[in-house]
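Below, chain A partners chain B and then partners chain C, in two separate complexes.
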Partner chain A sequence: MRSAIPLIRVQRRLEVPRRVSAAVSAFFILLSFAAAALIFELMGVSSVATFGVIASVFTNPNLLLQAILRGLPIGLAALGLSIAFRMNFWNIGAEGQLYMGMFAATGVVLLHEYQGLIAEPLVIVFMVLASFVAGGLYCALSAALKAKMGVNEVLTTLMLNYIAILFVDFLVYGPWRDPKGFNFPLSIQFPDYARLGFVLGSPSYEGLAMLLVVAFLVYGLMRHTTLGFEMRVVGESPEVAKHAGISYAKALIIGGFISGGLAGIAGFSVVSGIIGRLRPRASPGYGYTAIIVAFLALLNPWLIIPASIFFGGLIVAGDLIQASLKLPFAAVQIFQSIIFLFIIAGEFMKRYRIIVSWR
Partner chain B sequence: MVRQGKRMRGGDSPEILVEMRGITKRFPNVLANDHVDFTLMRGEVHALLGENGAGKTTLMNILYGLYRLDEGEIWIKGRRVNIRSPRDAIKNGIGMVHQQFRLIPTHTVAENVILGLKEAGFYLNYRDINEKLSEIISFYGWNISPSARVWQLSVGEKQQVELLKALYRKADILILDEPTSVLTSQETTQLFATLRKMAGEGLGIILISHKLDEVMQVSDRVTVMRRGRVVATKPTRETNPNELANLMVGRPLITSFERLNKTSEKPILRVENLRVLDDKGLPAVRGVSFTVKGGEILGIAGVAGNGQQELAETIAGIRKAVAGKIILDGVDVTNKGSLFMIRQGVAYIPAESSKCVAYQMSVAENLVMKSFRYEPFSKSIVMDWDSIKQHAERLIDAFSIVTPSPSTRAGNLSGGNIQRLILARELTGLPGSSAPKLIIATYPTRDLDVAATEFVRRTLIQNRDQGAAILLVSEDLEEIMMLSDRIAVMYRGEIVGILEQQEFDVEVIGMMMTGARRGEAA
Partner chain C sequence: MADVAWIESVLSGAVQAGTVYLLASLGEVYAERSGILNLGLEGMMILGVAVSFIFTNALGHGAALLVTMLVGGLIALILAFMAVSLRLNQIVVGLALTLFGLGLSGFITSAEIRKGILLSLNPNLSEAALVTQQAPKLPNIAIPVLSDIPLIGEPLFNQNILVYLSYILAIVMWFVLFRTRFGLSLRSVGENPAMADAMGVNVYLMRYIATVIGGMLGALAGAYLFIGYQPFWQEGMTQGRGFISLALVILATWSPLRAILGAYLFGGVEVLQFRLQLLGVGAQTPQFLLMLPYLVTIATLTLLSFEGVKKRIGVPAALATPYSRE
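Up next is the complex of A and B:
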């Protein structure tokens, strides 16, 4: 007999083919749009109009360039995270490493402005290098603590985020405040030679090129070098690494350095590409969004590029919705959170199958 | 009609509990079961014997509803059934004890037993449940309490909880998948007594195993499988281990080995007064000294946990010595680390494959895990995947590793093939050098089927004949006496004596393993 109540069972999927994984992700992103539409309607805004605005971000060339620019720090940080996560090093500190990168990049600009040590075209090169080293060392600190003393990296990387954010606050409220800035907590405006877009004319073009180059390097590092091989073995198990004569500490610290370094470059891209100066809370959480992007892209460097541009586009769309539809900023945050939530729910659905049977 | 839960005892002609007819199951590239027929009678212990990958576990997973059959019929107690899930199997009175226990460590025994049991209802009457459980426990003479937490139990006791789960659900068909692989010999004896008692109670028991002695010891009938097919079903009384081994492998086995070359007089490994701590920082190896010459196998006998593991790890450079010396080929190599030892030509086969195999990485990647630093597998820092793949194909061929391709994940291989993979990697010298100088093999045949065991032993002997020094750690006295040229017996971190080949004697070694000095034991 058919009863009125269906029997619902949850069954683990044995293997998850890539195609299923991609389809589930796509389905849940669409589902999140539906949920978001419902909320927009409840707020008295036409959901069609809202989605029109969101779609325009990816169809309008100018807005798409904006999306690429906002996706740039997310993508760079996510590329770094993909390395750490492959090593089973749960780096939650991309945000902090990104702030250290902003600090270092700004430091180079200020040093050049006030001391004039290097040729102008070289400044941007030094900014990249300095931000890489700053972010890298910041992350390597957590890696070293884990490798040498067994300290849980989730705690250290997460807590170091707050220190980095407050350290940047201290600089812009204190010693690095623009003397002609009417007492606002801002650094000086970066001169043109310190801005992304200096060469190709648009920070988006240069940003996209940068993303492609870094994705290529990360892919090559992990797949085609002995160091990448060592890092993947370390991610598998420290014991296996030891058996194979691979130094767990060395691989973890170097890998952590590169991971944090890329987040540092992401910080460079924020101050040099997007804002053009250092200010408090310069990142609205690019480093955290990068965690989701890295997982959504299955830690694949090439997939990280479209995923980060998509999330960059959502940030742009949020600004537009706020301006054109007079929705409060909270509505935009709700929209982004819904997408995150559904993606996480989708991750569950990738591993489990829900079977509904009537009996 | 047979009513559930009611057991027939004695008297009547034996009733057929399970009849599987023409069962066929295909996996990608593999025919796991090829028209298999299998019957289980009430009151019998029926052994299902076969090598790893012969299709025993697949067949039983079909019976338990974990896999769906592609062809064939299953009849249970005279009724054709369609088993689509373990729930259906449980309803039909089938219980299964898996190799890996499915218990929640922080829950009590009783909670684990009723977990997932709809009949328990919403409100749990623990007094009733505990009473019923205690009844079963005391009937079988076990020593567990229903309110004990599972993490507090020994491995053997955890297995009893699994049995308890099946008994509480009134299962009368019980499947045990290699139940003794995790047990000590004492626990095994106790398990077998329980199984006989259960059979006496009218249960039908299917024992999946690849160990001949166990099958001979406990079963009433035995069905031998090879490559997905049943090759014979016989009453155990009418067969013998040799016949079973031949049926299982399809050819006679080599049981003794000829020595080809003489032991050289040059000591390859010299260990002097070595002291090592275990993971908890307590002394594990306490002043051990010995030498191993080229072309010689030194067996280290002893009950597991007497410092053999730590000794092996220290010589392999994985663990640090706190005192003493390790001298390899005349050079002091104490505490030089595992990479240094690998470069010196030291091969190490750990007791657990999880300590040396990256399950998520491919077979090819695992095969170069020690040699990837050398040309042709990498040039400066760039990996050469083409030559790594060729290398893998060569080793897969030479060591008969059964794998769909070199890029298959190592974790997808069967236990025997993972062991072959480890041997292939460890016993193939680094590029540019020949074979390893020193081989440390700890429990190299544990949990392997007969053919794989024979393969491992033959390979070790080959390496010895080529002049390698071999340190063989094993609990299996038969194995250690068959392969070793000399045997050192370890007890509580010390070597209580070293025996020459003409002095080998099971009794003496057995006594020494419990701490008797050489003179006292003889």
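Up next is the complex of A and C:
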């Protein structure tokens, strides 16, 4: 006999087929659009106009180049996070590591401007290296605290974000302020040789090339090297890693260093590619958006590229709706976080099958 | 005598700044005791600030406090649904909710949208009330006799109503947690959910309740931060206080009473930072002083991780672990 009430059961899937995974992701992204539209309408904002602006970013070639450029720091940081998250190391500190990268990259420019120690074409190389090391060390600090003493990395990386932002504030309000800058809290403007795009003519082209190279390197590191294998094992199970003779601390600290280093390079890309100088609060949260992108891309380095360009486009759209629709930039933050929430909820649908029976 | 007045004002400042941490960590103690780590606390707090800012100007303090707690509870309900019912990763869900809270608070407080909300709540508002970045502060109420006690009377008993509420909550919540059946169930759900389930405790319900209490108090902490402490709106003005409260819960070893000491300690650090600035330390570049709360948090977390200490503090065994009967 059929009862009036359906019996709903959830059953764990043993394996998630790629097809299901992709379909679920796509469905939940669409759902997040609907939810965001609902919130905008509730606030008395036209969702059609808002989405129209977002769509225009991806159909207009000039705006698309902008989207790629704004997606660059997000993508680089997300590539770093994909390594950390594979190790089950919850690095929420990409934002702070990014600021340390901005600091180091700017430091190299100032050093060259005032001391002139290296050849001009080499400056940008040193900027990349310095930002990698600065971001890397900053993250390795949390990794070491976790590996050696078991200090919760979520909270330490979060706290270090606030500290890094204040540190950059200190520099641009203090010693690094441009002496000819009418007392604004800005560093000097970077000379051309320190700007991304000096070689190919456009920071977007160079940025995209950079993103592809780094994605390739991360893919190679995780899939085809011993270190990558060790980091994945550590992420799957620290116990197994121990039995296999893998040093948990070593994998975590090196992995954390690389993860933070890539966020550091993301910081380089902000000052060298986007702004061309150091200023306070130079990142509108690229490091936090990178967390969303890493999850949306299922930690896959190749998928991170389109995902970061999409979120870069959202930031461009955020600037546009501020100007044309008089909406706050926060509208984009809401949209981002709703996409995030729905991607996470989608995980449930991937892990479980819902069975409805009328019995 | 000048010294006594100075000490009194520092202590008073520590209590005022510390109450934000106290309210937030009291709620989080309950959530974590039930096994739920609420990384969305920062978002609930900033939303509490924004909602209390708007509603105080539109409808007054009482309505603002009620709506704030309602909003905090609703956001926490999302967390509970995703973490308890859908068994999703609590760190990720919490983080997403913090980002959501930060975005939504910036959105509803932006000039045009805030104006629209204010007018729909109260059409009779003056033009000044529609554009102000401030709100009337809660008045201080001196408690007779008690506030005359030398040294600690002023700091503890000449404060606003939310500070007094935080004292009462700390004591009541401690009593409920450790001296009642409900508290026992709550703790058992966070220690060993399978066992609690077998004993007939509704694990999911307990976790929902604890999470919602945590969200309501997290938002209330935000409301206090605004109308009870610094009634001048700035985007993102919680500045990580929600995250710091998470660390405080560990320092308090998951006890509502010990949360008081930790909260005032961090309140003290905040006050110290202002005092040093007044004395001219870092007058040009106050950034290093502003780093203090975060540095102290990292130092605290590290100290609490030393082997000997760690064994003693006893984290709820099932913290951040989803439960299912399968």
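Note that in this section the second predicted complex is superposed on the first by the 296 of 359 C-alpha atoms of A that agree within 3 Å, B and C clash if a C-alpha of one lies under 4 Å from a C-alpha of the other, contacts with A are read in each partner's own complex, and residues count from 1 in each chain.
Note that in this section a residue touches a chain if its C-beta (ideal position, glycine included) is under 8 Å from a C-beta of that chain, and two chains touch if they have at least 3 such contacts.
Nothing here was measured: the structure is a model prediction, and the numbers come from that model.
Trainee: State whether chain B or chain C is in contact with more residues of chain A in the superposed arrangement.
Mentor: With both complexes superposed on chain A, more residues of chain A are touched by C.
Trainee: Name the contact category of A:331: first (chain B only), second (chain C only), both, or neither.
Mentor: Only chain C; A:331 stays clear of chain B.
Trainee: Looking at the overlay, what does A:118 touch: chain B (first), chain C (second), both, or neither?
Mentor: Neither: A:118 stays clear of chain B and chain C.
Trainee: Let me test your reading of the model: by the given contact rule, A:344 touches which partner, first (chain B), second (chain C), both or neither?
Mentor: In the superposition, A:344 contacts chain C only.
Trainee: Pick one for A:22: touches chain B only (first), chain C only (second), both, or neither.
Mentor: It touches nothing on chain B or chain C.
Trainee: Given the touch rule stated above, what does A:225 touch, chain B (first), chain C (second), both, or neither?
Mentor: The answer is first: A:225 touches chain B but not chain C.
Trainee: Quick check: in the complex, which residue numbers of chain A touch chain C?
Mentor: Chain A residues touching chain C: 12, 43-45, 90, 92, 145, 149-152, 154-156, 158-163, 166-167, 169-170, 173-174, 288, 291-292, 295, 326-338, 340-341, 344-345, 347-348.
Trainee: Residues of chain C touching chain A in their complex?
Mentor: It comes out as residues 39, 78, 82, 86-89, 91-93, 95-97, 99-100, 102-108, 110, 112-113, 116, 235, 239-240, 243-244, 246-247, 250, 284-285, 287-288, 290-291, 294-295, 297-298, 301-302, 305-306, 310, 326.
Trainee: Going by the contact rule set out above, which residues of chain B touch chain A in the complex?
Mentor: These residues of chain B touch chain A: 316, 318, 337-343, 348, 350, 354-361, 365, 369-370, 372-373, 378, 381-383, 385.
Trainee: Provide the residue numbers of chain A that touch chain B in the complex, in ascending order.
Mentor: Residues in contact with chain B: 223-229, 232-233, 236-237, 239-240, 242-247.
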